[in-house]
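A short write-up of the structure that comes next.
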Amino acid sequence: MKKYTFTEKKDTRSGFGAGMHELGQKNPNVVALCADLVGSLKLEPFIKENPERFVQCGISEANMISVSAGLTIGGKIPFATTFANFATGRVYDQIRQSVAYSGKNVKICASHAGLTLGEDGATHQILEDIGMMKMLPGMTVINPCDYNQTKAATIAIADYDGPVYLRFGRPVIPIFTDADQVFEIGKAWMVNEGTDVSIFATGHMVWEAIQAGEQLEAEGISAEIINIHTIKPLDEEAILKSIAKTRCAVTAEEHNRIGGLGDSVAQVIVKNDLVPQEYVAVNDSFGESGTPAQLMEKYGLTAADIVAAAKRAIAKKK
Amino acid sequence: MHDPYHDRDSGSLIQLYYAPIKNNNREMEIEQLEKVAAQVRRDIVRMVHGCQSGHPGGSLGCTDLLVALYFERMKLKEEDGKPVFDMDGKGEDLFFLSNGHISPLLYSVLARKGYFPVPELATFRKLNSRLQGHPTPHEHLEGIRIASGSLGQGMSVAIGAALSKKLNKDDSLVYVLMGDGEQQEGQVWEAAMFAPHHKVDNLIAIIDLNGQQIDGPTAKVMDNRDLGAKYEAFGWEVMEVEEGNDMAAVVKALYEAKSKAGHAKPIMILLHTGMGYGVDFMMGSHKWHGVAPNDEQLAAALAQLEESMGDY
Amino acid sequence: MKKYTFTEKKDTRSGFGAGMHELGQKNPNVVALCADLVGSLKLEPFIKENPERFVQCGISEANMISVSAGLTIGGKIPFATTFANFATGRVYDQIRQSVAYSGKNVKICASHAGLTLGEDGATHQILEDIGMMKMLPGMTVINPCDYNQTKAATIAIADYDGPVYLRFGRPVIPIFTDADQVFEIGKAWMVNEGTDVSIFATGHMVWEAIQAGEQLEAEGISAEIINIHTIKPLDEEAILKSIAKTRCAVTAEEHNRIGGLGDSVAQVIVKNDLVPQEYVAVNDSFGESGTPAQLMEKYGLTAADIVAAAKRAIAKKK
Amino acid sequence: MHDPYHDRDSGSLIQLYYAPIKNNNREMEIEQLEKVAAQVRRDIVRMVHGCQSGHPGGSLGCTDLLVALYFERMKLKEEDGKPVFDMDGKGEDLFFLSNGHISPLLYSVLARKGYFPVPELATFRKLNSRLQGHPTPHEHLEGIRIASGSLGQGMSVAIGAALSKKLNKDDSLVYVLMGDGEQQEGQVWEAAMFAPHHKVDNLIAIIDLNGQQIDGPTAKVMDNRDLGAKYEAFGWEVMEVEEGNDMAAVVKALYEAKSKAGHAKPIMILLHTGMGYGVDFMMGSHKWHGVAPNDEQLAAALAQLEESMGDY
């Protein structure tokens, strides 16, 4: 089993900001838009160097999405940014018509996804954004696992021609992937090979999964850990290959149990290869105020929850 | 900035239009545009009749505007006298239809202008057609750059395209048409606030002020009152055109609007039209917002509209 | 096997209109709202008799949803009505905050769901509404199968205290359920018992499932057909009981394959009892203009598609 | 309709307020309200300090308004001198907070008024608290009728509640507070169009005109210009109050607003406030929109605010 360590913790939104900074320098077509949340999205370095390529939209998210769609006409690559709730649920119809159905090269970049934005509470803690975005035909849905991967994904999506939803967050979390990684859209990343259970994790739950993997190893259980950073298109091949070996699955995500990665994997399973699956996700409830760590624990999103789920899954194997 | 008298659009139906109101050629030119409009109106009623669905009312009301735009006003990319479509539309004027339900009008104008074969109009709203109920680039129909149908989004899209032109140092214009009922959508007012703030002065927006929407007169359904006062309060340059179905008045208004471009403000034309204009029994009522004529009604309608360019 | 016949075809939206008419007479707290689509929603009889309890909102769906939430304060029971696309995707954040999270007694009633609205095309043909609404904690999601059931559901939800999404449509379809049925929220309806395959259908796909059941019977295959009119809360017990017997499942819905009834059933399966499942649904694409019948066929939503899916599911049984 | 001088609200802090400007009692009464406001401001800075998050700026700026509303102006259901909360709020005035981020203000006012125990303020934004980051009825906190936090929705909710009152023949009023940055949300303008159309004249809306939002001055971020002209163009009765942090001026304005109720138009008060008002180093800058003071800053802030009702 590979060991993962970290020296530093950072928020994934800062990885986005760093990626935008780099994109600003190397791709003259990249335009950033924001709805009165420049600081939260870490856009300052981009704006400082490219003031003419930043569009402040004020608190008008619907307009921002459709303006982005318009900007693609003429060859711009708009990155429309705000909190995940306002980047999806507030503007779903706009994304659907002006971006997805119109096939526009818009990157919807969403910070503060999930519970771990913390104290602001449930009105801001969207747990349904992955579900919404993955239902849109043609939409690519990416949820990277740490600062470095978020930065790499930000840069990668500028080169991909098509609508993308990129999700990241506010809490500081370990950086454990390579700084110089190349992000490959749609290709699951084998974090650790194993034989007893497949853990499919996304976002910062990948780190929790790694922790869980170590605990399981200590108990003599070999967990295969796969980072599903791209939820759509889903790397079904990687999933099927893994469960063919381990014969049971756990999915781990900071999202509602309904509609997220778990259901994407379940669909693959019931169609192709029947193995028991356990969900680590928020159990169909709204979140609440609290610190990220408190919320992860209260809502069952820790390494310990993954360990328990893995054992349940293994116990259900035929 | 833009001088309306020195940026003649190449390849338009009418060769020159130097606009001094009493120019002798002018009446003839207007007459030709009116002929195009009559044919487009024929197309519209035939299209909605052909699939027994779609929206004739708003389409007929805005025909003069769209014909004036595409056949006279807009600077369009052409090769060998035929329009050439590419998505980016650099160096040419762009038009966006926000009230996508009046798609038959747009399709007819695009086909008659030469963007795609006129006979394709017969596929409107039928299975496997590129002429979807509401316009979409999803089926790669030449001339369509964005999907519309869900109301309230088009002005924002047009603003984005206008900003793109500014970034590209492209001084052509962006036009967008909306409905008056559509003004009830909040997103329209987000865009209305945004455009003056960002000095989007290469944008000419037009509202089809027909006073009608699905459930009845706009004043009864949800009165949006004096839209001119509203847009002025939001910081727009506002023009009101009382005769939106008089070709000469429409062309003149479009010249005037263009002369106002480049002066730090977006431009709004409140265009008074008659819903169903051109077909007597369809005129002035919301009843024909989204109803197709039967065979008899079709015949009655066609009898009022000159077949000037040949039916498809 | 029970035989179902019909004498009449009607649109389910007219069932809604009839239900509203009746509610207008018997429940003085019911208020109807609409966003410039009174005729499409068949609200005229209600409005004629209760003009003071009708609120015309114009083309302002977001405002309509939040006004509805406000109306509950003071004891009103608002029925907010428009096309399904504008009743969900256009206003998701409003529903989320003012209705679901606030726990308000608002009924969101959506016509023109799915492909079968026909000629208007993809901008209007929402295939993701069930997915969106079922992700909202506390939301009840109902998709009745015919005119009578829609009418009964409309009446039933007025008596239930909580947020409801009621979905119906434009095409005329057979009426095959009882005119005097009592609608029980959350209780799946056993349409036909069988032993070889479970067909879980929702909305007007139930009729297609019945047709499929007859064809299968002719080929000696016994299909159990269950009407999942309530997608949330899901009648997991009925599903588990059925698959325990048949050992394979088909789901049938006029919705994207991603995020709908199919995924709800898959989640039950992977967690509880592993059986192969086949999806009859739109295969992650936008719709298009056409007649309802043409679209049902092109997008694979006919009885024949269910028959084929059933056979595939049976073939996968261990 | 409503006579502001003959509908005294029972159980308010001050027994009577017959408003002739020079009444001798008045200054004393205003002084008492100011004392409440000082305590509320103490609560606000202590709450955001306690959890090291939340929004002091807007909260401090709107303190005078909310104290005036809850302690003087609103007709509230009470028993034995204590407010009684029920969700339906029939027969009482209702208040909705659309800019939900200034929750510390609302929580403090509700607690100080007696809706829930003052010590519960210490749980603000902490795990398992009823005092969520943004207000919500989800946790059954007395005084909260709707969730807010996602901006732009509160005026629509208030309109719904106002319509409900009309249907119930309940002639009490509905108040709603919004931010000025929040005016950039399109839904606000849907509501702005709806209320005059439906003659929602039992609604008094207030905009916190502090000229600031997260990314800077509103005029720079997205200029929404003369909001008075906008609301007038939308059909509202508009009042502008220059001194939104002067308790006497606020109370007077609320009387005046109430006197305008029942005249077929919704009422809008543009309330000029200072973001961070009452704590010198927080005043007038967007920097304190959503930042918590550290220990030192807390001490400096508290030194400027009288502890008039006892800290929690």
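Observations, loosely collected:
Chains here go by letter, A, B, C and D, matching the order in which they are written, and residues are numbered from 1 within each.
Just so we're on the same page, a contact is a pair of C-beta atoms (placed from the backbone, for glycine too) under 8 Å apart; a residue touches a chain by one contact, two chains touch by 3 or more.
For clarity, every value in this text was computed on a predicted model and none was experimentally measured.
Touch-path distance (fewest steps) from chain A to chain C is 1.
In whole angstrom, the spacing between the mean C-alpha positions of chain A and chain D is 38. Inter-chain centre distance (chain B to chain D, centres taken as mean C-alpha positions): 45 Å. Averaged C-alpha coordinates put the centre of chain A at 41 Å from the centre of chain B. Within chain C, contacts with two or more other chains are made by residues 57-58, 60, 62-63, 85-86, 90, 93, 96-97, 101, 122-123, 286.
The set of chain B residues that touch two or more partner chains comprises 136, 138, 147-150, 152, 184-187, 190, 193-194, 197, 222, 224. Chain contacts here are complete: no pair of chains fails to touch. Interface residues of chain B, counted against chain A in their complex, comprise 87-90, 94, 96, 136-138, 145-150, 152-154, 156-165, 167-168, 170, 186-187, 190-191, 193-194, 197-198. On chain C, the positions that touch chain A within their shared complex are 85-86, 88-90, 92-93, 96-97, 101, 122-123, 127-128, 131-132, 134-137, 249, 256-259, 262-264, 266-267, 269-271, 274-279, 284-286. Considering their complex, residues 34, 36-40, 56-60, 62-63, 85-86, 90, 118-124, 286, 288-291, 294-295, 298 of chain C touch chain B. Interface of chain B with chain C (complex): residues 51, 53-54, 100, 125-129, 131-134, 136, 138-139, 147-152, 181-182, 184-186, 213-215, 221-222, 224. By the touch rule above, chain C contacts chain D in their complex via residues 31, 52-53, 55, 57-58, 60, 62-63, 65-76, 78, 93-94, 96-98, 101-104.
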